[in-house]
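Multiple structures follow.
Each of the next two complexes has chain A plus one more chain, namely chain B in the first and chain C in the second.
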Partner chain A sequence: MIDVFSYVPAIVLLPFFSFLIALGAGKYLPKGGAFGGVAATAGSFLLSLWVLATVAGGGAVNRTIYTWASAGGIGPTDVELSFGILIDPLSALMLVIVTLVALLVHVFSLGYMNDEGETGLPRYYAGLGLFTASMLGFVVADNLLMAFMFFELVGLCSYLLIGFHFREPGPPSAAKKAFLVTRFGDYFFLIGVVAVIGTFGTAQFAGPESFPALADAALNGSGSVAWTPGGVELQTWLTVVGLLILGGVVGKSAQFPLHTWLPDAMEGPTPVSALIHAATMVAAGVYLVARMYGFYALTPTTLAVIAFIGGFTALFAATMGLVKDELKQVLAYSTISQYGYMMLALGAGGYVAAVFHLTTHAFFKALLFLGAGAVIIAMHHNEDMWDMGGLKSEMPVTYVTFLAGSLALAGIFPFAGFWSKDEILYEALVHAPGEPLLFGGYLMGLLAVPVTAFYTFRMVFLTFHGEPRSDTARDPEPVRWNVKGPLAVLGSLAVVTGLINMVPVQKVLGLEGIDLLHRWLDNEWGGIAGLSSHHYADIGPYSSQYIVGGEVATVLVGAAVSLGLALTGLLVAWQLYNVPSPTEHTAKLGGIKDVLYNNYYLDELQVWLAYRTEDVAGGADTFDQGIIDGVVNGVSSVSLIGGDRIRQVQNGVVSQYAALLTLGLVALIVLLGVTGGWFL
Partner chain B sequence: MVEPLPQVTALLPVLLLAFTGLALLLVDTLSPDTRSNTSMAVVSALGALAALAATVWFVASGTGSGDTGGAILLFADAIKVDTMGLFFTAIFASVTSLVVVAAHDYFHDHPNPATFYSLTLFAATGMSLLAVANSLAVVFVALEMVSLPSYVLVAFLKQNRGSVEAGLKYFLVGALSSAIFLFGISLVYAATGSLMLGDVAGVLGDIAAGTDGLDSRSGIAGLGIVMILGGVAFKTASVPFHFWAPEAYEGAPAPVSAFLSSASKAAGFVIAFRVFTEAFPVGASLSADINWVLAFGILAAVTMTLGNFAAAVQEEVKRMLAYSSIGHAGYALIGVAALTGADGGAAANGAVMGAAMAHLLVYGFMNTGAFLFVAMAERWGVGRTFEDYAGLAKRAPVASTAMAVFMFSLAGLPPFAGFFSKYFLFMGAIDNGFLWLAAVGAVNSVISLYYYSRVVKALFIDDPASPTTLDTIDVRPTALYAAVVFAAVATVLLLPGFGPVIETAEAAASALF
Partner chain C sequence: MTAVASSIPPEWYLLLAAAVFCVGLFGVLTRRDALYFLMSVELMMNAANINFVAFALYYGDLTGQVFALFVIALAAAEVAIGIGIILVLYRNFGVTDVTVPTEMRW
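Up next, the complex of A and B:
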């Protein structure tokens, strides 16, 4: 029998090879190396499907491939640092999502980049290849340190790709911002990694010697950890470690207050935005929490913080999306908001719900971005929605698929987003009693539902409905198969993905077995012990309480409320914007409008913080220049002057050498003789 | 059951070196017309490599180690073959083979190169004999056997004033030091009545315990020990016996400088490690108020500091390397300076001395390689100063890269073997409570980075004074290249291979305590 898991490294390496090929030989290849990237991601996708099938057949693996620092080696450490792969239902699912989206993005890029005559294509495809490879490496990582390394690579690639059009003023600045803001979060993540290794002596995700298992045992009293900083209680310390790692998550998944980089990142080419938002960079943060959920489930405080940040970000970002004029800006804020939902789910103990939303969101958000890309091609790279209108008759395929994605995003029954968002809100609701932070998160998540539906359909109506408001909108540029193909694939997925986990239907109608994702993540077909949703529920702090008489009633009421709110938002948008010549209604918001336009002035706040940091750094600089450098320069001048003296002694006269030599020996003899009492 | 070889075969490496030298001399004498530089170089390199192979085979098969019946004693106990002796013989043989290969190109137009090869091999014979000496008399004879060919080798370019002057100075300082050393041996004999290292240790123990009834002899023994220490300091080029070194290294042909600064220095250390553990054990010496550990500590600190400070202000690369090799003698002296007389300190003492031995092995490759690069520069005819080396990397990228490896390894930067050996050395010193020595060593390492990186900067970053300066590089000295590259490869490979080296060295050193 062929061991498919020995091909898992190939999933990571194939896009990496396409990176090398595009980088080295891209300019000699047709299409700037695009076909290499398409072939590599297609290969990875097929291998991932095979892995998925194997996992469905009961396979799973947690294997160390290469140990680069062995325990008891040179140096005062007993920690083993290694690279390895961890394939369980979660990572197998994620592999398929990432490779599928990456494949479609590569194909779409043929239309968006090649057909539009962009220059620097080898650099573009090299970046895409490395980006995909880094994310895949992150997904299969079997320990936190390896995950951190690939996490950083993902960040680097986002920098390279967001700044792809580096000759224009905007993209380099946006790339720098994305890099610096996420780096700020990663700084805490790095400390967290070190803390985990220091505390447990290992960074493995799975197995009896993994850090979640050790933490569980230590909290039970059936084990102990290697180290905690002086006198801190274990539970407190684990919370601190969890929050430190969360810093990286907040940065990468663009959660409040580190979300500011993401809207600016729209400066990158649109396919890159699709990749960043749907399957790679932003997803990395949420995936990390899911990956080490066994650890987070042990620290209720961290969970509550995650839930509250998530709920807050969901509402907060959605409100900013209300007033944006550019197509991609609206999508950017919707991404932040949707990842807020996932964080809310994770914090509320809804591990499966979070993974579910991650999956559906990956498809419908990739769809929306690629659809936006098609519109942007058609509009000759004008992104202002007020210049569009009436595109639905000119671009039927794009319109239909974009509509499917929008319905999913708005959470309208029966599209994918409805199922996953409903489950998140349900999980938050039933776990909320007695948890004020969680309840706050739930309320904000619920409030974000109509806001989401409103801005989504405001976008749809402004773009596709009404009368064309510019000449390009009257005569848009046609798009080719390589744009329509990916849209069609993702459009279908946005409609049907919800079917993998129809928990409400199961609960209401009593149909057993249609909650496929629940059973999948519960290791029903196979997996690794200690990495199942059941285990997480066991060790987690929450218990379910049904507010409105019984489980079925709660399910129905929850679903009805969120669907009703979504429809309300949709209808308001319909009223305001589904007219032949829509006008801006933002003036009615009064003073709030400015606040929303300026994103709550958070960018200004961060700039202000940066300047204050600069002041502090100035003090450190003075200390460094004056005292540290002073000492260093002092040492060097002393040694140079001393060296000159020594040169003068070495004057070439042998008799002086003999004299000095003898005197030196006599001095030694006198010293030792006097201290040793030889002459007494 | 394989019949064990006769005991005398334990001297095979020494004999191989000696017979190769004699054969070269014989051919040169009998048929001076048939000799050629190439054949001489090949024969001497083969001899050195055969000695190296024999040594490595002995070490691998455990000859003389504690596992296979302990050290092999020969000739009424005057010779003692053990792992430490073999370890040092391996250093000597490696350096010798590198040097004779490089010399083939360096002396390509010399009228009589055969003398060089035989003298080098005789000196190497003396060194490997020194490594197995078990009596002060043998130590002295072997030491002279190293020194006398060395004087001639330094003055080998007899038409060159610098070479001849350096040889003379080396000889004068050497004669003085030999006298001091010999006087020291006589005093020790006077105090203990024996020249055998083990017997000296026994009497010293009695003196320390006060059981011999003549406690005043402790002063005589102490005087002798300090004088022997002076002889060691001369051979290792330690302060204040270092004055010969910069001049000899600078004036001598560069392969000879490489040989002296690597192999001959290691020979000085083998005396120190052998005599000061077997004849003057640290515990007994301290009890007898002979604190030679302190003396070595002072020497180590002063030598490190002086070597590095002086190296920092040199204008000529070769002279800089001369002072840097003085600095490295200071580091290696930590191996005898950071010993503890406390009970149960044997393992810790073995660790620090083993680290010093490993450092000398690594140093043997990186320092020889650096001097051979200088030899190559002399062969090309570019100048001697840092400025003259500017831009060499453009003409000779491989050799310049090798030189950069040597420089960074000498400075002790992490990816190279020099880092690990220094790290273990300083760690050993700290473990034995000699934090101050490790601190002085660390500060000096920082200073050394300054002047080592000057070389790399000149090679890779600086532009030559004029575009035509480097046109003199019109030859590709193959053998020199090979030697330099081989030394660089060894320096790099010693990083992954450092585990077995340090284990062998620590086992060998621990056997002495």
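Up next, the complex of A and C:
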């Protein structure tokens, strides 16, 4: 029997090789190295499917591949820093999602980049390859430090790809912003990693010696941790560590208040946006929380904070999406909002719900972005929705698939997004009583549902319905198979992905066993002990309370409420925008409109805050230049001046050398005489 | 070996050697001509030879004498090289004064 897990590194390395090939030889290859990327991601996808099948057959692995540093003396065990792979149901599922979306994005890029005559294609495909490889490395990481490294690589690749069109003014600035804002969060993450290693002496995710297991044992009193900062209670310290790591998550997954980079990141090529939003960068944050959920479940405060941030971001970003004029901007805010939902689910103890939404969102958001890309091709790179309209008859494939994605995003029955969003709200609802932060998150998440439906269908109606509002919209550029193919695949997935986890149907009809994802993440087919949703529920702080009647009633009421709200939003959008010549209705919002247009002035606030730190930065600079550099320069100048003086001795006159030699000999003899006692 | 030679105590030999050595050293330190240098070095070597031979006599074995022979051979070789150096010195600078060529300095 072949051990499929020894091929797991190949999943990561294949896109990395495509990166090397595109970088080194891309300009000699046809299509700028695109086929290498397609072949590599296809290979990774097939291997991931194989891994998924193996996990379904009961396999799972937690294996250290290479230890690159080890040290004793910290904690009870020696600290080992290593690279390894952790394949369990969660990472196997994520591998398939990432490789599938990456493959489709590569294919789509053939239509979006090559057919549009872009230059610099080797750079583009190299970036895509490295991006995919970094994310895959992050997904299979078996410890927090390795995860952090690949997390940073993902950030680097986003910088490279967002700034792809570096000759225009916008993209480089957006790339820098994405890099700096996420780096601000990663700074806390880095401190968190160090804190975890210092506290537990290990950063492993899984196994009896992993840090979630050690933390659990220490809290139960059946174990202890290696170190906590003096006098701090263990529970408090674990909460602090959890919040530190959450800093990186908030940055990467674009949660309030570090979400500001994501709308600007729309400056990158559209397939890159699809990759960033659906499968790689933004997903990394939520995936990280899911990966170490055994740790977060131990600290109720952290969970409540996660839930509140998530719910707030879901509503907050959705409101900003209401007034945007550009297709990709609307999608950008919807991404922030949807990741808010996932955070809400994680904070509410809905581990499975979060992974479920991560999965469905990966498919329908990749679909929407690629659909937007198709529209942008058709519109000759004009993204303003007010110049579109009537595209539905001109590009039927794009329209139908985009509609499927939009229905999923809006959470309309029976599309994928309905099931996952409903489960998130359900989890938040049943766990909310007695948890004010969680209840606040739930209410905001619920409020965001109609808003989401409204902006989604405002976008659909403005783009595809009504009369064409510009010459390009009357005669759009046709798109080829390499655009339609990925759309068709993702469109089907957006419709059917909900089937993997039909919990409401199971609960209402009493059908057993159709909650496949629940059973999958509960290690029913195989997995690693301590990484199951059951375990997380056991150690988590929540218990379910049904505020309306029993469980079935709660399920039905919850689903009906969220579906009703979504339909309300849809109908309002229908009323306002599904007319032959829609007009802007934003003026009715009055003063709020400007606030929404300017994203609540958060960018301005951040810039203002950055300027406030000028004095601190100046002081640090003075300290660095004056004190730190002063010491270093002082030491070196002592050597320099000393050397300068002493070398004067070597003046080239042989007689003086002889004299010095003699003097030295005499001095030695005198010294020997004094110490030897000749003169006494 | 005569009775006179063995009746002289070794201190006298050592004093003679020290005197010859100091004469050589004085030459090295005060003279500027390279040829005087060479001759002074020769004197210092011979002072060492006197010591070798004196101790060979004092202890009654031949090791010191053998060493003295070695030093004489070495001195011959040294003179050959030294004169070669002085010739090159003269060719390049036109003098044999060792204080003139100060090219090999910092």
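Here, the second predicted complex is superposed on the first by the 614 of 680 C-alpha atoms of A that agree within 3 Å, B and C clash if a C-alpha of one lies under 4 Å from a C-alpha of the other, contacts with A are read in each partner's own complex, and residues count from 1 in each chain.
The rule is short, and it goes like this: contacts are C-beta pairs under 8 Å (C-beta built on N, C-alpha and C of every residue); 3 or more make two chains touch, one makes a residue touch a chain.
Being a predicted model, the structure only gives us computed values, none of them experimental.
K.L.:
Please tell me which partner, chain B or chain C, touches more residues of chain A.
P.N.:
Answer, by number of touched residues of chain A: B.
K.L.:
Touch test for A:A659: chain B only (first), chain C only (second), both, or neither?
P.N.:
In the superposed model, A:A659 contacts chain C only, not chain B.
K.L.:
Just checking: does A:A25 make contact with chain B only, chain C only, both, or neither of them? Give me first, second, both or neither.
P.N.:
So A:A25 meets neither chain B nor chain C here.
K.L.:
Which partner does A:G677 contact after superposing on A: first (chain B), second (chain C), both, neither?
P.N.:
First partner only.
K.L.:
Tell me the contact category for A:L668 with respect to chain B and chain C: first, second, both or neither.
P.N.:
first
K.L.:
After lining up the shared chain so the two structures overlap, which partner does A:V635 touch, if you call chain B first and chain C second: first, second, both or neither?
P.N.:
It touches chain B, and chain C stays clear.
K.L.:
Looking at the overlay, does A:R647 come into contact with chain B only (first), chain C only (second), both, or neither?
P.N.:
both
K.L.:
What residues on chain A does chain C touch that chain B touches too?
P.N.:
Common to the two interfaces on chain A: residues 647, 650, 652, 654, 658, 662.
K.L.:
Can you list the residues on chain C that touch chain A in the complex?
P.N.:
Where chain C meets chain A, its residues are 25, 28-29, 32, 37, 98-99, 101-106.
K.L.:
With touch defined as at the start, can you tell me which chain B residues reach chain A in the complex?
P.N.:
Those in contact with chain A are residues 168-169, 172-173, 176-177, 180, 218-219, 222-223, 226-227, 229-230, 239-241, 243-244, 246-247, 289-292, 294-295, 298-299, 306, 308-314, 420, 443, 447, 450, 498-499.
K.L.:
Which residues of chain A touch chain C in the complex?
P.N.:
Checking each residue of chain A against chain C gives 647-648, 650-655, 658-659, 662.
K.L.:
Under the stated contact criterion, what part of chain A meets chain B in this complex?
P.N.:
Where chain A meets chain B, its residues are 74, 635-636, 639-640, 642-644, 646-647, 650, 652, 654, 657-658, 660-665, 668-669, 671-673, 675-679.
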